[in-house]
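A, B and C label the chains in the order they appear, each numbered from 1.
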Amino acid sequence: MASTPHLKRSPSRSHDRDYAPYLEAAWGFKNHWYPALFSHELPEGSLRGVVIAGHEVALRRAKGKVYGLADQCIHRGVKISARQMCLNDEHLTCWYHGFCYGLEDGVLKTIVGSPRDPLIGRVKIRTYPLEERGGIIFVFIGDEDYRPVPPLTADLPIRITDDPNPTPHLLDENLFMCGVHGLAKSNWRLGAENAFDPGHVLIHWDNAIVAATDSFIPLGFHPTSPDSVKIIDVPDGPKGIMNMYNTDTFEIVTENPVARIKSRGSQHHYVRTSFYLPGCLLVEHWPLPGMAIYGWYVPTDDRHHEYWDVAIARCNSEEERKDLQFKHEKMFKPLHFEDFYSNDIFAREAMQRYYDRQDGWHGEQLCELDSSIITWRKLASHYNRGIQEPPDWATDRG
Amino acid sequence: MASTPHLKRSPSRSHDRDYAPYLEAAWGFKNHWYPALFSHELPEGSLRGVVIAGHEVALRRAKGKVYGLADQCIHRGVKISARQMCLNDEHLTCWYHGFCYGLEDGVLKTIVGSPRDPLIGRVKIRTYPLEERGGIIFVFIGDEDYRPVPPLTADLPIRITDDPNPTPHLLDENLFMCGVHGLAKSNWRLGAENAFDPGHVLIHWDNAIVAATDSFIPLGFHPTSPDSVKIIDVPDGPKGIMNMYNTDTFEIVTENPVARIKSRGSQHHYVRTSFYLPGCLLVEHWPLPGMAIYGWYVPTDDRHHEYWDVAIARCNSEEERKDLQFKHEKMFKPLHFEDFYSNDIFAREAMQRYYDRQDGWHGEQLCELDSSIITWRKLASHYNRGIQEPPDWATDRG
Amino acid sequence: MASTPHLKRSPSRSHDRDYAPYLEAAWGFKNHWYPALFSHELPEGSLRGVVIAGHEVALRRAKGKVYGLADQCIHRGVKISARQMCLNDEHLTCWYHGFCYGLEDGVLKTIVGSPRDPLIGRVKIRTYPLEERGGIIFVFIGDEDYRPVPPLTADLPIRITDDPNPTPHLLDENLFMCGVHGLAKSNWRLGAENAFDPGHVLIHWDNAIVAATDSFIPLGFHPTSPDSVKIIDVPDGPKGIMNMYNTDTFEIVTENPVARIKSRGSQHHYVRTSFYLPGCLLVEHWPLPGMAIYGWYVPTDDRHHEYWDVAIARCNSEEERKDLQFKHEKMFKPLHFEDFYSNDIFAREAMQRYYDRQDGWHGEQLCELDSSIITWRKLASHYNRGIQEPPDWATDRG
């Protein structure tokens, strides 16, 4: 085997022992809340399937309420959400032979063509806890018997308090929200680590939104103190890390004469990132001051994740809503959600082969820019509620 | 491994022992006749390759007669049918270096650029028994030394006699025939079982041909007696099963108040399905009374099958032929072969992952609708002429 | 397992022992020179990645000179050439976090956002020897410590001397050159063996360039003497084989009455092929008398190769250059590089499954036409400078 040759190994290798559970979490952490769909993606009476950490979940809205059940019929194993057959408001009905499962309990209530079948009432599919908050349907993914189910807020960012003009929280009233989600071809951890990486700003150096607004973008945030990364550990609440860019624990790198590059942009504004279990990013004051970005990196399988990128802003009037909608359509969508964000997806996918096939988790050469990432790996290893096992359909894949 | 959770296992599991050979037949049953091409697909002088149960067969028509030979040159292993090089009426000629094999015996007769080569006359490729009947070229797939080769009729449906207006047989004179074949992404057994499944009518409940003709479609055929499925066992002839929909051994389910669905359609007409080794469906009186559908589910490899769907009707005059051709173009083709049949392909492919990766053959939860399928599995296990081994090219697939 | 049945094995099997190293060389031979890019494909200041025998090499031109470095950043393993970030003329800079490697020595010179990082100066990526000659950038692929690096000329065809009108050599002055390269879906050895195979002329029998010029094409070149294939063994220079078509050691087959085919074309002109380690073809007097074709079959991975097909002609004036450019655009490109050459790519890819999955290397039935191929296999087994090991990213592929 040829391998990437080095003069020497960096000290990063010694970190491995500190976050071994993280290295095992190719399929994500279980017993956590994950976003599944925007509310508007599941209108009344409809049915959609999602895959989260290998769990296939059929989401169905009936009489306004959202239900989540295992998305596979026990009869011949087809995906129930592959076709919509919504006959009533009480059942999730399989389109193939009409197996009808109770939305509340998953129990087989009838079979369309075999109404007196002995199977009826004696088999069930599992149900998943759901929360619909802030325009997003969240599902609790993990062990069927995990109790108690923690509150959704324990898996969301903290409420910002150390800022004279704090950004809003997703669960606040009177918000404007816009965003996207989609599939990226990389493990979720590569998505997550890119999200709050103090060194990844370089890929945004020349982005259109930066050039158009003449924003100042550093070449990197260089940590200069152990306090640069703050641990967030709220009892029974969020666990995360925060890059303290608003303190002198980070050096803002603006010039590298050896590489012959200087920062551009004259408009400075304060941005800060924090990251929470099971994989939720908060960016304060982006894409505009006073707004916030929420991002998620939801494991699909071990080689794909669903990225979420959501912007929220306070909105107290119809006039403000119209103004934010205009900004969304003409600026946030083309310049942030499309152009800017595509650079992040590119970078996450570019790492995939190394970590999937070349044992990058042990071969990587981390540098001083990576202290936030190491802190996150340790925190996630310590506070996660379990490592997700692969599903049975993943066993013999090529 | 996460697995589909159940309150209890249905009794279906105990059936496994009764049809173990069927569960081994991922590549199909060997030493049987399979359809390869419609006659019109192989004009005089042409060459085409087919793959059946892992056997790659080159079909060539010369002086009217059809020949079938192994579709791989012994020299450098290329597929002979990949390019047509038909130099004469006696040989199958490989396009690469001109290895010429006798159409009758497969023996190497010459090499175009090496006419005195010692290999000539000393090596051969295998030949396959062929029958061209009823507008279809059938090939006998299996062991090269299997003797005697049974008659084609032993692998076709029986001639219908218990009907005052019996539908025609494929080998009858004076028929109109139309149909399609194509590749489906599922194991052939999932195709076969869907074909005659008394519970699968639900997927046709709202099809255009049903709505357009106001045909009555039950929600399911519920077997009420062990006599509902008749075993067909003709000495030296067809082996199959017949769903006795024309007797009181089936309950026609028209309403399910728990699921809140009722049958639609006011036009009732009698339809019956039967299924024969190695995988041939007969539907009597469909798509119109007096007509018949023949269907085949021909293994390609262990994950694909070639579906065949062929309609036949009696036709005694040019006027009748024109009328049937009109019906084919304006009704059978758009409404049956395309819209209606696409629902069956969808269902067959929807089962594939469960049976391929999740051990669905043992995990499935069969119900009372499935008694025909269980009877077929047992019959096929008992009467097949051998289980096809995988070809060498299938060994290290991803 | 079903296998291709034969009456008997040909004597080809006994050859296996004579070229065992060749059979191991799925990833090519190492410590040889391979073409990477045409010079015009790498303009000043640009960066491009190539994959040769599993080695990923970033090619960068700065101040006119071409540099080759390992195309993977040691930090997070991304491909450096995936995005161009050329900040200066001294570094290869990774686009993700700005790791800057010295073009001459591969040492990490700075990190854009972490200018005082302890990693700087202490790690490196490997560099590759390069030669830019005759309009082509060649890279020496193999062991990092292989010494001495042999001259490029040792891996190119010999200079032709036994011809009253010898064709030019690639490294001559005053040449016109045109050509293509691209990816073929077959192992490089199948590409190579097709290139000089005296029996493969049959696939060109009916090509447009042959028909348009009424050129005589034999049905095959049948060797009649052990001297038909000459071994080329220049001390410290090229090692290869030459088909001596210009001697009476080959019978030109013009007719095969058993197959009923005759050669066509009235314009005879002398063409000769020779083939050199590590995989370089020379065709003298093609596509026109006085010109030469150079071909390479560069391993990419074990299932793909980069084919190169380059025509050269003497060119001593601007008028001659314009004339050759006209011929290139109107004849060589459409008729040779596209139509004619596509037949060769087709044939090479048609062999791939047999040799990749069906153990064709041992099952093949070579005939008398294949004596050149056997001679090449033995020569390559003897004179190669090492068998390339697979890269680490190839280990768990499906």
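In this section, contacts are C-beta pairs under 8 Å (C-beta built on N, C-alpha and C of every residue); 3 or more make two chains touch, one makes a residue touch a chain.
Computed from a prediction, not measured in an experiment: that's the story for all the values here.
Undergrad: What is the Cα-based rotation angle between copies chain B and chain C, on a 0 to 180° scale and rounded to a multiple of 5?
TA: Going from chain B to chain C via C-alpha fit gives 120 degrees.
Undergrad: Interface check for copies chain A and chain B. Shared numbers divided by all numbers used: above half gives same, below half gives different; which is it?
TA: different
Undergrad: Need the CA-centroid distance for the pair chain A / chain B, whole Å please.
TA: That pair's centroid distance is 46 Å.
Undergrad: Which residues belonging to chain B are in contact with no fewer than two other chains?
TA: Counting only residues that touch two or more other chains, chain B contributes 397-398.
Undergrad: Write out the stretch or stretches of chain A touching chain B in their complex.
TA: The touching residues are 54-55, 70, 72, 74-79, 82-83, 87-88, 91, 93, 95-98, 100, 107, 109-115, 117-119, 122-126, 144, 389-393, 395-398.
Undergrad: Considering only the defined contacts, which chain C positions touch chain B in the complex?
TA: For chain C paired with chain B, touching residues are 1-8, 10, 198-203, 218-222, 253, 256, 258-261, 346-347, 350-351, 353-355, 357-360, 363-369, 397-398.
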